[in-house]
Amino acid sequence: MGYQPDRSQYPQQREDGSLDIDLTSGKYLKLWQGPQHPGITGNMSVELTVCGDEVVEGKTHVGYLHRGFEKLMERRSFIQCFPIVCRICVPEPDFNEYCYAAAVEELAGIQSPERADWIRTLILEMGRINSYLMYLGGQAGSLGQGVIGQWTTYVRDLMLDRFEELTGARIYHMFILPGGVRGDLPDGFNKRMEETLCEIENVLKDVYETMFCNAVFKKRTVGLGYIDPELIEPYGVTGPTARAAGVAKDVRKDQPYLVYPELEFEPVVGTDSDVYARADVRRRDLLMSVDLVRQILSKMPNDGKLMTKLPNVLHWKIPRGETYIRGECSRGEYGYYLVTDGSGFPRRVNVRGPSYTHAVALLERLIVNINISDVAGLMVSLHTYPPEIER
Amino acid sequence: MEFEWIKIPYSLLTLFIVINFGLLLTALIQKIGARVGRRHGIPIYQNYIDLIKNYAIRSSITHGFMFYLGPVFRLSGGVGLLLFVPTIYGSEMFSNLSFAGDLILALYFVFFGALGMALGAGESGHPHAAIGVSRGLSQMTAAELPFALAVFSVALQYQTLSVTDIVAAQQGGVLNWTLFTNPFAVTAAMFSFLGSMMRPPFDVVLAPQEIPIGPPTEYHSSYLALMQTNRVIFPVAKIVIYMNLFFGGAASWPVFFLKVFLIYMVSVFVGVAFPRFRVEQSIRWFLIWAMPLGILAIVLV
Amino acid sequence: MQTLYTKLKQLFKLGELTEQRQDLAFITVAQEQLRPLLLHLRDREGFTHLVLLTAVDWMEEGQFQLTYLLNDRAGARDIGLRVMLPRDSATMDSIHDIWPTAATYQRELREMFGIGFPDSPGVNDEFILEGWNDIPPYRRDFDTLKYSEENYSHRPDRETTDPAQHMKQQLYPDEG
Amino acid sequence: MKEELKKRVIKGPDGFEFEVDPLQDYYCEAPPTVQPAAYQKIVEKIFNWARSESIWILGFGTGCGAIEMRPLMTPRFDAYRFGVQWRPTPRQANLFIISGYLSTKTLKRAIRSYEQMQNPKYVIGLGSCTINGGMYWDSYNTIKRLDDYLPVDLYIAGCMPRPEALLAGFEEMKKIIRAGKAEGGNLYAENFDWYKANQKKVIHDWDMPEHSW
Amino acid sequence: MSIRDVLSPFTAWKYLFRDPVTITDPLNERPGAARYRGFHQNDVQACIGCGTCETICQNAAIDMVPVEEILTESGDSGLRPRIDYGRCCWCALCVDICMTGSLTMSNEYKWVESDPDAFRFIPGVDKKHWDDAELGYRRPEGHRLTPARRVEMHELEPETRIGSFAEIVDGYSVADGLLEAERCVACGLCVATCPTHMSIPDYIAAVRDGDYERGLALLYETNPFSEVCGRVCTHKCETACAVQHEGEPVAIRWLKRHITDQVPYERYREIVGDPAPATGKRVAIIGAGPAGLTTAYDLARKGHEVVVHEERENPGGMPRYGIPEYRLPYDMIDRDVDLIRSLGVKIHCNSRVGTDVTMDQLQQEYDAVLLSIGLHLGRSTRIPGSEHQQVTKAVDLLRAITDGEEIEAPRQVVVIGGGNVAMDIARSMARLQKQQHGEVNLTVTALEDFAHFLADPEEVKECGEEGIEILDARGPQGIMLDENENLIGLKTWHVVSIFDEQGRFAPSYDESDEQIHQGDMVIEAIGQMTDVSLLSEELTEKLEWNRGRLAVDVDGRTSESWLWAAGDCVKGPDVVHAVADGHRAANSIDSYLKEKTV
């Protein structure tokens, strides 16, 4: 298949197709980026084989954060799984909660109330904003522009305050549980949210001026890490990474869930499919999320139930079945494959994180022939969060 | 020329002032950078504490002879650079050990520390250090070239290789500064200055996100403290040269402090706003933008 | 989905169909039918996106279930192909040449379930675990609590009391 | 064991052959030793004060707690104000924050990083996971008690602890350092065999040098 | 690349002149949000130590530990949760599930400690500075993880049921039973409160699993009168139920009945199992009520030979003769009794000790004897006129109804008493009235007010539905007779208080509030006593007595080594207490017999 990177220069290939890399020759050097490395996206590592400043081979190593969630969930009851799922992805935990809750609801045959769906959507969009803000800081930081990270982390922190007052926690919200959500919007939430959104928009304007209209940033990122649109499907690329390549993949539009059918938006699409385009798509997507949050808050029904009646969660049993629930998280398609067997515990849970394909197969493919200096920038541009790879 | 022994305590006094000034200046610069990032940043005295802390680390390891000598070379480069150029124009006390051909020696010292560092860091055996060194040397070569051209141009302009004489030639008003008499040389030199201050967009040598801080990766405890000391002396010393060559020197300490600060701020002003170039991009940048200016400066002179 | 199933049924030997949702169905497929079916679905039916590949351990039935979940974006539908493998010495053909990203999934399945995928690139490399010395951990017969207790020390002095027992002792101390 | 970690003979570019054993640290042939404090009490006091006011954290996000490090170092909380900075290399760091659970795979790297830090060095355990396993108490892949493997000076409760809690932790850490009680590095050296035995018990493929700095 | 790209990044510098956004004092300025999930608080007085928090905690972070200052009592295990912050993940499921709402979370979140073991604490007991924090996570209103409402039990409509003695309660359907069983949180608080310590959570679990036979086995392990108790048990367990604190208690009694309803009677014998091989020991039991027959059941299963002497025509004791058929159909008693019989227990009916057989004989012939003669004599109010023939005692009347005697129901009846017996006789008479006169005209006067009523609330409610008038806080003062000595009613005064300051029974009345309740008949239902006439005088002398009741040790053994006593006659009226007593006596007798063999 034609999915292999260009290896016309070096290293040479042996007859069996493997790469002829002789470390003792002194021509090649093994360089580990991570896990203890500031340029790595979280606790993972990439084993680089470099020739001069150029990477000839990269291998992703994961598992540093493996806790065996899928195994642990098999010995926890359905409600007990609810606090644990959000730990699978730290920067945007809510998708785990939503996908898990929706999967359980579907197999248990219950329906979350309408207002709960609105609040769920709100939370997911807030989480997306957070995740993108973190990404923007990281992307600029990986290329040595620290100030962007300072600004975005600040506004992200404001959003965390909103999360805190809504859900009662900063990072692991544990708010969306099977059957609905845990609480209602606090008083005056809309007003404070609007202030936060304004602040975010202001900062984004500055980010646009200093990061995107920046000669050096452009010099570094334009053309870097080009993903051929042909590669999108074979490599299972989803989310902004795919949209930057011109493929308008967005689960929110393709297979709408929650209240997305009632919101007005168009998937943000880029054209150039390089690091710059991906950053730009995410920036615009972030602005769209800001708009979506506004839409949600204005269109949301004013009252209504937040939880459906659950059976006694201590002995909750769900009949045999299997399902897959997906959502569009800030990195791409996030999904839960849940299998039940009629007992009080899941038979199997499989988490499909977008980073799984992005950070392993795709990264290993893209990393070939780039400069060592660009490795961090490229990795960040795929927006990978390692815990969702190894779980 | 007869050597006056009194110069030695005088230069040590200069050194002392410069070290303290440097410690505070770098902290202030950091605070300014932090301010752009909407925060307060380190306390102004933080550098002193860090320095004591690093000397107070109990254990230290060595990777060999050169590893040990690296910071020493680096520091002597900085100290040497400082001591062989006059700090305060017209002051007997603070003209240090300057002599007729000190400009050449100063240029030598600019390289000396870096080379020592390269040897030491290379000895540390850490691949990141090695990569940092190779990046550093190539970038520095490219960056110093316009500077050398500018210096050459200035030397031609004033017909002397003595820094004191060059400063003397610039007295008598702002418009007498080389900045205005030979703007191309100054621009070329300032471009080079950006490249040598280890700030974005030319800090790929240290780039923590790529090769965790590059050459000093393995340095720690008192080695690191030595390097920290150098890191406050060297930029000041270097700026002193720039100040003397291009900005009319300083006739008193307050003027000195102000000018050093302002010149330092040039690199910070650019550094905060931009990400960093890759090494070959920055070399290309120097060759395309700074070099022609330097050549132009020489030609025009 | 029913129409697709009928259509496929004419071409392939298919097992049971489970329609989970309007846009999601699972079909059981025989091991040797999988590859042509995948190619057919990808090239003819628009299921170009391999969403995930994972396994379920039906230990009691002595089987592994491999689930290949495919997505047709244009048609907004998903199809899950179930392949049942005998649990002992389970091996399956690799599909990394159809979707390169499948190699990662197969590497994980090899490590976590012990399902073999000969010819899949790097399938025997350690992926998530390091220095693992027990049966593959995602198998049902692997007891994670037991392993954890045997290998790691927990903090001592954690004792709990059963309310019913404690009340009996307190309220009716005379009764055994 | 990985191929590249095995002993082998290498022919250099100059034709000279030499043997390489990647598992041996050529600069470190003895276990770490206890490093005495400065002889003069007053000097040690000043040193301790300086150490407490200049805490350099190792930039190694071992677990989820790492996500709160960013707010900590950025405008909202700005830990730089308190003399806290992060360093990208263990050689220059004094404080190792174990930010939550440690899988055995990370434990291996954490030990390596810890040993490369210079004495005096401190460890803060972040969150439940470092105390008694936290929510991964029954996981097959995470350690439960951090103090079995590394000497820990301080624990911060929370899952995960917020930046404010971390700042409170730093304040407490400073007190401990000033009081001269933060001697984790020496504790590690004293009980080196015990720690090593514990580490080897959970790291099944020990392919590291016996001791490194 | 344009010139804009070079210049625009410098706009970053505008922040140089703005104030930093840093929080000046992050340690004190930042309290957690109003619903922040911080460190735990526990209102130890409200907490009942049910351990549901421990059950739901997926991190095994919670231990239930005894606490010095909290005493164990019915409905409160005396244990309190101890939380290990080396495990907790602050998910607040423990708060959500908490049965009493006592466990909450403060908005405090800073806790730093060098000692890792310090992070284990008992909220509310180990004092912490956040104990009084007002903000923090509380379970939002309406957010419950367990159903609070009981599954409704279908009953006959009042109009239908008043016409006959048919059983009122339908029993749960399988679906309803499952739903109700699901409400149980399996804390086990009820077990100790149940006199016979039935393994309630286990058999409810069996209902959840649909494994009724397992449930039945569990029932008959501890209670051979499960059919009876499933209908008329006083269900003390439900007063200890953890679910009642924020909802209705689990209908434990109905679930017990549900199990017995679901298992075919033919299977009972097999499920209970065969008795142990015969030991050759013989035990005589006097009185075939719950206590006696429970002892018989236990001893028979242990292989002893048991003979029961029953004075009346049918075995069953008070459940048969005291409880009306609409609450407990007679065939249900028969089923339990037959099961006991099938284990080899011989029951001689119409055999009154003292008349047909003497205590001495029993002492001679048997290794041990148990007295379980119940409380079959009604107490009298001894108010003026209470000797009138139209003044009857409830127990006598109920017995007569059971025996099928023709009873002429007067048109207007007054009942004295506020207990369940009063309700039973009132409702029985109401049925007779309805049958004979087509209408109900009946007044119950109780000493207690409704706030301290003795009878079950359901009984009171159902009485109301059936048209029975209940007047609370009325003290009977005299029977009103007309000039022909015919009974015309009852005079009562309003009760101000029942007990004096020392807690002794000494009612005081408000004489100004006097009422006359018209009636042709007055029924006294104020309590019963034991008929001890069957004991020989000599024996009566020998035995120790305690305020008119036989004195027994904790195992039910009297001062005579061969004689035990159990049931209502020593413990007061209650079926399930009698069963428990029977078990105790059986155990004691069994070990006595074993000793004797050795």
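A few notes on this one:
As written, the chain order gives the labels A, B, C, D and E, with residue 1 at the start of each chain.
Note that in this section a contact is a pair of C-beta atoms (placed from the backbone, for glycine too) under 8 Å apart; a residue touches a chain by one contact, two chains touch by 3 or more.
All values derive from a computational prediction rather than experimental measurement.
Counted as hops between touching chains, the shortest connection from chain C to chain D is 1. When each chain is reduced to the mean of its CA atoms, the one lying nearest the mean of all protein CA atoms is A. Centroid distances from chain D, each centroid being the mean of CA atoms, peak for E.
The most distant chain from chain A, with centres taken as the mean of CA atoms, is E.
One simple way to say how far apart two chains are is to compare their mean CA positions; for chain A and chain C this gives 23 Å.
Chain B and chain D have Cα centroids lying 35 Å from one another.
Per-chain CA centroids place chain D at a distance of 60 Å from chain E.
Shown for chain E are the residues that touch two or more other chains, namely 9, 12, 20-22, 58, 84, 86, 89-90, 116. Shared contact sites, meaning residues of chain A that touch two or more other chains, fall at 37-38, 63, 66, 68, 71-72, 75, 83-84, 87, 147, 150-151, 154, 172, 210, 214-216, 219. Residues of chain D in contact with two or more other chains: 59, 74-76, 78, 81, 88, 105, 131-133, 135, 137-142, 145, 159, 162.
The list of touching chain pairs reads A-B, A-C, A-D, A-E, B-D, B-E, C-D, C-E, D-E.
Residues 129-134, 137, 142, 144-145, 147-148, 151-155 of chain C are the ones touching chain D in the complex. In the complex of the two chains, the chain D residues touching chain A come out as 4, 10-11, 13, 58-64, 66-68, 70-71, 74-76, 88, 90, 101, 103, 105-106, 109, 113, 135-136, 138-142, 159-160, 162. On chain C, the positions that touch chain A within their shared complex are 18, 20-21, 23-24, 26, 48-52, 54-57, 67, 69, 73, 76, 78, 80, 97, 99-101, 103-104, 126-130, 137-138, 140, 142, 144-145. By the touch criterion given at the top, residues 75-78, 81, 125, 128, 131-135, 137-138, 145, 147, 152-159, 161-165, 167-169, 171-172, 176 of chain D touch chain E in their complex. Chain contact summary for the complex, chain E toward chain A: residues 1, 4-6, 8-9, 11-12, 21, 32-37, 52, 55-56, 58, 89-93, 96-97, 137, 140, 142-143, 145-147, 182-186, 205, 208.
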